[in-house]
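Here is the structure we will look at, set down as structure tokens.
Going in written order, the chains are labelled A, B, C, D and E, and every chain counts its residues from 1.
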């Protein structure tokens, strides 16, 4: 028989000013199953908690209802107090007499009645509570970092330096990400590669970090602390253990006219290539779609010149399976290309380029060795127009958000241009200048005041080519929306930062949520900015939303901190309030019929197919099985299950049914 | 084949040649265009600035009449009428209460089952595939296809072609053998309704259009809107005044261009009615290609 | 009919299947489901337009459990049922041989699941005019009258569960009415128990019912309970544009969602 | 009691019904509603459907309702109070126009509820029930009463049996004391007559087998594969049991609201898998064929042993109600010649 | 005679509406005391049979409330719930169950004032509709005296 204790808290006067607490305690004492019912001034105080604990021991209570504030406030407190007194903490429930009663109603009999109802409801519930044990899961102290840009590098180094293993997976042949393509960085104008490459090398050399480049995530299974990840290591056609990075193959390759991705198509590269000179690892890759041998079956010049015998034409993709305990998503962003803009000719004009292309033009290691030259004819542009918000903040283009980094890099571009083309003029069309950040506004002022950038507040309606010039037609809203026409030599579009291609697919593999722009969603915009809704998976950098370098690095260190916390214990403790599928003796095994409609509603892929076999190994039945490590306890499966084969601890069918019954049938 | 047809006021007035050429090519292709019985004004261009219900009721009545007459496809050559019809269809289908209200006003029930086509869509759907068999001449000229504003905007309502850089007319002209140029003024404003009130403005706006087309070597401009045509053709003196040079580049309707390729008599196409004389000649006789190339339709965003 | 027999005989004699579910002559002028285990028996097989029983039902009964491959004479309702059952992981393609028959009674031969999906799509379902009229008649009633109509109609229900037993989609080993802790639905066939049972049944079939009408045909007291699930099928089609019984990878209406589901009723 | 022979014309029957009403008796008779004929309360003769061969459901619910309260209870803090149902409050009921097979059905039902333990509630209801049956002049392909010791003019189970001998007149046989009480209270409505041969006025139901032969056969058939064969198409619903006039199985359930509740019994059926399912998950009647076997064995073997009574009256309702056309007469015949 | 006070049961999710109702309390916004809140982990957990159970047990009105679309703590529970409610409402309507007595709402953890307003307007609406005797009678007649 149930032996329930009811504890009515006055909360000073917060409850007792409106609710007649002693009356509620007296009435509650008459509920069947209640053996002890008291009221007290501050139940959450030390003496209050002792009161509960002593009553548990004295009256041999099997359940406790603390009627006080919201369970969202003090449920953990009282569950702990119960546990200390030897009662299973999940035999404690709270009736919300403060937030849901005393604070929102007047003092009268009806309010007392409501308080009594609420207590009765929880008494009936707690009678049906199950004693539960917290779920313990072991932790694999290896982190997976997806993406080798600046965020991934930072996260990997921080985790590795905390003493944990890290596996880094990068899609491209080299780590470095977009930052390695940048010329100089705002607001300090220090050389991007100068600050990044040492960290890239550090990644390669850190004994705690295992690096897989030219590799992608194939699948992720499991749950926090216990993920199993399959990595597809794409065939580089190079034996990495033999290659010494001499580069002879790349210089001897006869097929050199392939668009260079790193230079955004503004230069060519051979079919066997290292993306850029400082690449990590410094090992070439054969582009199978371009290589003459793969296309025609003849050539193999690289194989002939390679003294290390590292070329392997028959190399296949390799699937590597690794166990990891936590995952950091650092897959970064992409930008809209110029062909996204119909009003700017869908990228028809070679001299309308995007911001990233300008970075390469301005980079000393770029295709023009740092000289600003037009891609069409190599001339130095004397008049250059920068268009900020190309796509960003434009609902008509489906991109409502601000890409955040463009104001700053456009100012930087104008400065760099002026430094390189002294007699040139830079015009910048902008909507607003958003330069919130340390030394940021000073930087844009410098572009305007020292480097003579002509800022025009207004948008560009169209750009067309006429007689070799690019006619930029826009409005100057500070001059009464007057039409402005500039005959420019070159136009740079600060195109919107968008989610990386493949982000959606990755999100689906990882079962994390993403927004309508395919940026990954954080668990809470303020308080959980680097967590996802899936425990054990974290976010850093521009895969979440456009971010600049300092922000990405800060987030990456945040993620590293989170993962280090997770790895600081060998076991994880989780609330056991999860769904379970019923089990009975053979031949039924369970009332589950294996329709798996629960599987399609589970947001966490926690529901697995369990096969029941007879002694001869024949399949008898397929049943749903809920992985306790993955289930987060939403209970949607419970409501969907037609045969009522699933129930959820803490909110069981019997408990909820009894609550309704207790509220209405007395 | 019978299709519904809404002439509207311009095709019976200032733009008779448009009507004539539409009818001529339809006849040639064996298509019967049936006017909506008892049609009324579409409400352009003034009604939607004055009274929203009126601006919807006028087209709605026409649409309801067409539906009553058992029509399922309605060809609307005038771009202004087309725009009003599409806007009405869009609004009524997206607002149940408004739909009921308008039905009450026109005392008819428009169910919304009509497909409304502008002339280019009409050509694209019913004519372009038959051109190979019927073409007698190639339209071997450099042309600038001019769309204006109403054919492609607003994109949400019309869902026709790419707003900023439409292509359907170019596809048709290329099919006729023309060299359709890439230019910057395809969808710029011609001055539209200011044709009568502010001729100077029309001169400036249309002037820039004519100038760019001519600058890029176009021998003719191709249009599909009566208002564009009258601005670019009838207002040529104002245009020339603005451009400070004389231009005699003719402006012809796309239906007239097709008519010419089909070898239809110039007068039957109304070419004699233009202010800027249409002197185009020396069309190359057309021989059917053995390999039938499918006219490539540009991806519409 | 001869063609059906021919196929059935051949399949049985080649031991590709071990049983055929079809029809034979029943009491008086009726037909009844029949099970043929050898080729000679098949002579008794008949098929005519009174063969409306949804035989797919038997695929989930114990008689089929230990049979390696069951042949089934499948009119479009049966085909749809099998596809729906497959989408719910209840039947396996390798254990079933579908001998398809169109609404007109034309044999379309043996269908694998892929072909069955294609076939089902060519066989129109939708509401019959009389069903629609019935539904509209109910809808036209004032709220109170509607409630009383159903309470009275269901008051004759004896809870024999013939509706459940003859529904191919009601395959749960333990039905919700049989769970008793808590007792979701009263066991008794009083008005309240009956109402709750029929609400529950209709909800469980929402988006899964293939409108075969077996429940009502089976009902010994002729309750038009199929109208509930027919109405919901119609609703699901209108709102979610999905239809049961057409695809083995179907996501049932009530365990899927879209971001644009209507919420004009939510404050 | 020796049977008394009387004549009752239809106008007199009508008067009789009105008098029952005035005397506070509830009259139940076959009534056609929405195309279905079933027993329903009537107050005038014109509501009665005399043409129906057999109502969809039997008359058993008059003594053994679908759902029947046994007791009510209330829990307080430390006590539970229980109140039995008041059996004296049951109304006097007349079943009018039932068929001889319906009437015969009360006999095995009574046997079930009165062997070993005498069920108070059932017997209280039965005591207050008067059965005025009407002989069958029509039968259909499902009827087989003659094979199970019945016939279309059988008086067993009836208090009065009426046989229509002309358009206006019934030949009335007063079978029991309860019947005689009605006669005595309404002597003005009954006319004297000598015995009349009913045969020309009765339906012809061919005898296909005998219940005794089935009983005999069953001794050796428990392990036969005939059950598997016959039960193949059985869908496992309870329709047969629920329409059967002789099926008496029930379930006992509590239904509560908060601390108050009632205990009731309601019909159950051996056709359901759940009927014998143990909590452990084991089910002694795991297959549908075993449940079918149970149904036949119970009616033709066990009941005979325990209650000296067959549990089938040959009304054919189960066959009519079966969604899979399980024709019990056909199957019994098959058993009899097995 | 005192005014009719409807019995209202609110089925709410833990993360949004329950927290929102907490905020109503913290903000000391007053609302009708006729409502009783039952906490669920998520709207996806709320079984429609509990709604009919509530009516049968004597509730005159029901409020079902959870997180706004895209705000579900469990990402999609409210979407599944929304669809379930659409179908359930349709069925109720068809069966003559008064859907005006089931009020669905999205109330976030920040919408304390909205919660009070939802309860108060529901209370007024249910008062107008009166006791839900149709359904109450259904569950008590025949069996319970």
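Just so it is clear, a residue touches a chain if its C-beta (ideal position, glycine included) is under 8 Å from a C-beta of that chain, and two chains touch if they have at least 3 such contacts.
Since the model is a prediction, treat every value here as computed from it, not as a measurement.
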From subunit B, what is the lowest number of touch steps before subunit E is reached? 2
Partner chains that subunit D and subunit E have in common: A, C
Sort out for me whether C-E or A-B is joined by the greater number of C-beta contact pairs. C-E
Farthest from subunit B by Cα centre, which chain is it? Let me know. D
Between subunit A and subunit C, what is the gap in Å from one C-alpha centre to the other? 45
Return the distance between the CA-based centres of subunit B and subunit D, expressed in whole Å. 83
Hey, how far is the Cα centre of subunit C from the one of subunit D, in Å? 32
Can you give the whole-Å distance between the Cα centres of subunit A and subunit D? 70
Numbers and ranges of subunit C residues touching at least 2 other chains: 174, 176, 184, 188, 190, 254-256
Subunit A, residues touching no fewer than two other chains: 588, 601, 640, 653, 657, 661, 664-665
I need the residues of subunit B touching at least two other chains; which ones are they? none
With touch defined as at the start, can you tell me which subunit B residues reach subunit A in the complex? 162-165, 182-184, 212, 215, 301
If you look only at subunit E, which of its residues touch subunit C in the complex? 48-49, 52-53, 56, 69-70, 76, 79-80, 82-91, 94-99, 103-106, 118, 134, 138-139, 141-143
For the subunit C and subunit E complex, residues of the former touching the latter: 135, 138-139, 141, 143-151, 176, 184-185, 188, 190-192, 195-196, 198-200, 202-203, 206-207, 228, 231-232, 235-236, 239-240, 253-259, 261-263, 265-267
Could you please specify the touching residues of subunit A with respect to subunit E in the complex? 70-73, 96, 98-101, 103-106, 110-111, 113-114, 117-118, 121, 513, 533, 577, 601, 603-604, 632-636, 638-640, 648, 650-651, 653, 656-657, 659-661, 663-665
Per the contact definition, I'd like the list of subunit E residues that touch subunit A in the complex. 5, 7, 9, 14, 18-19, 21-26, 28-31, 33-34, 36-42, 44-48, 50, 53-54, 57-59, 73-77, 80-81, 84, 116
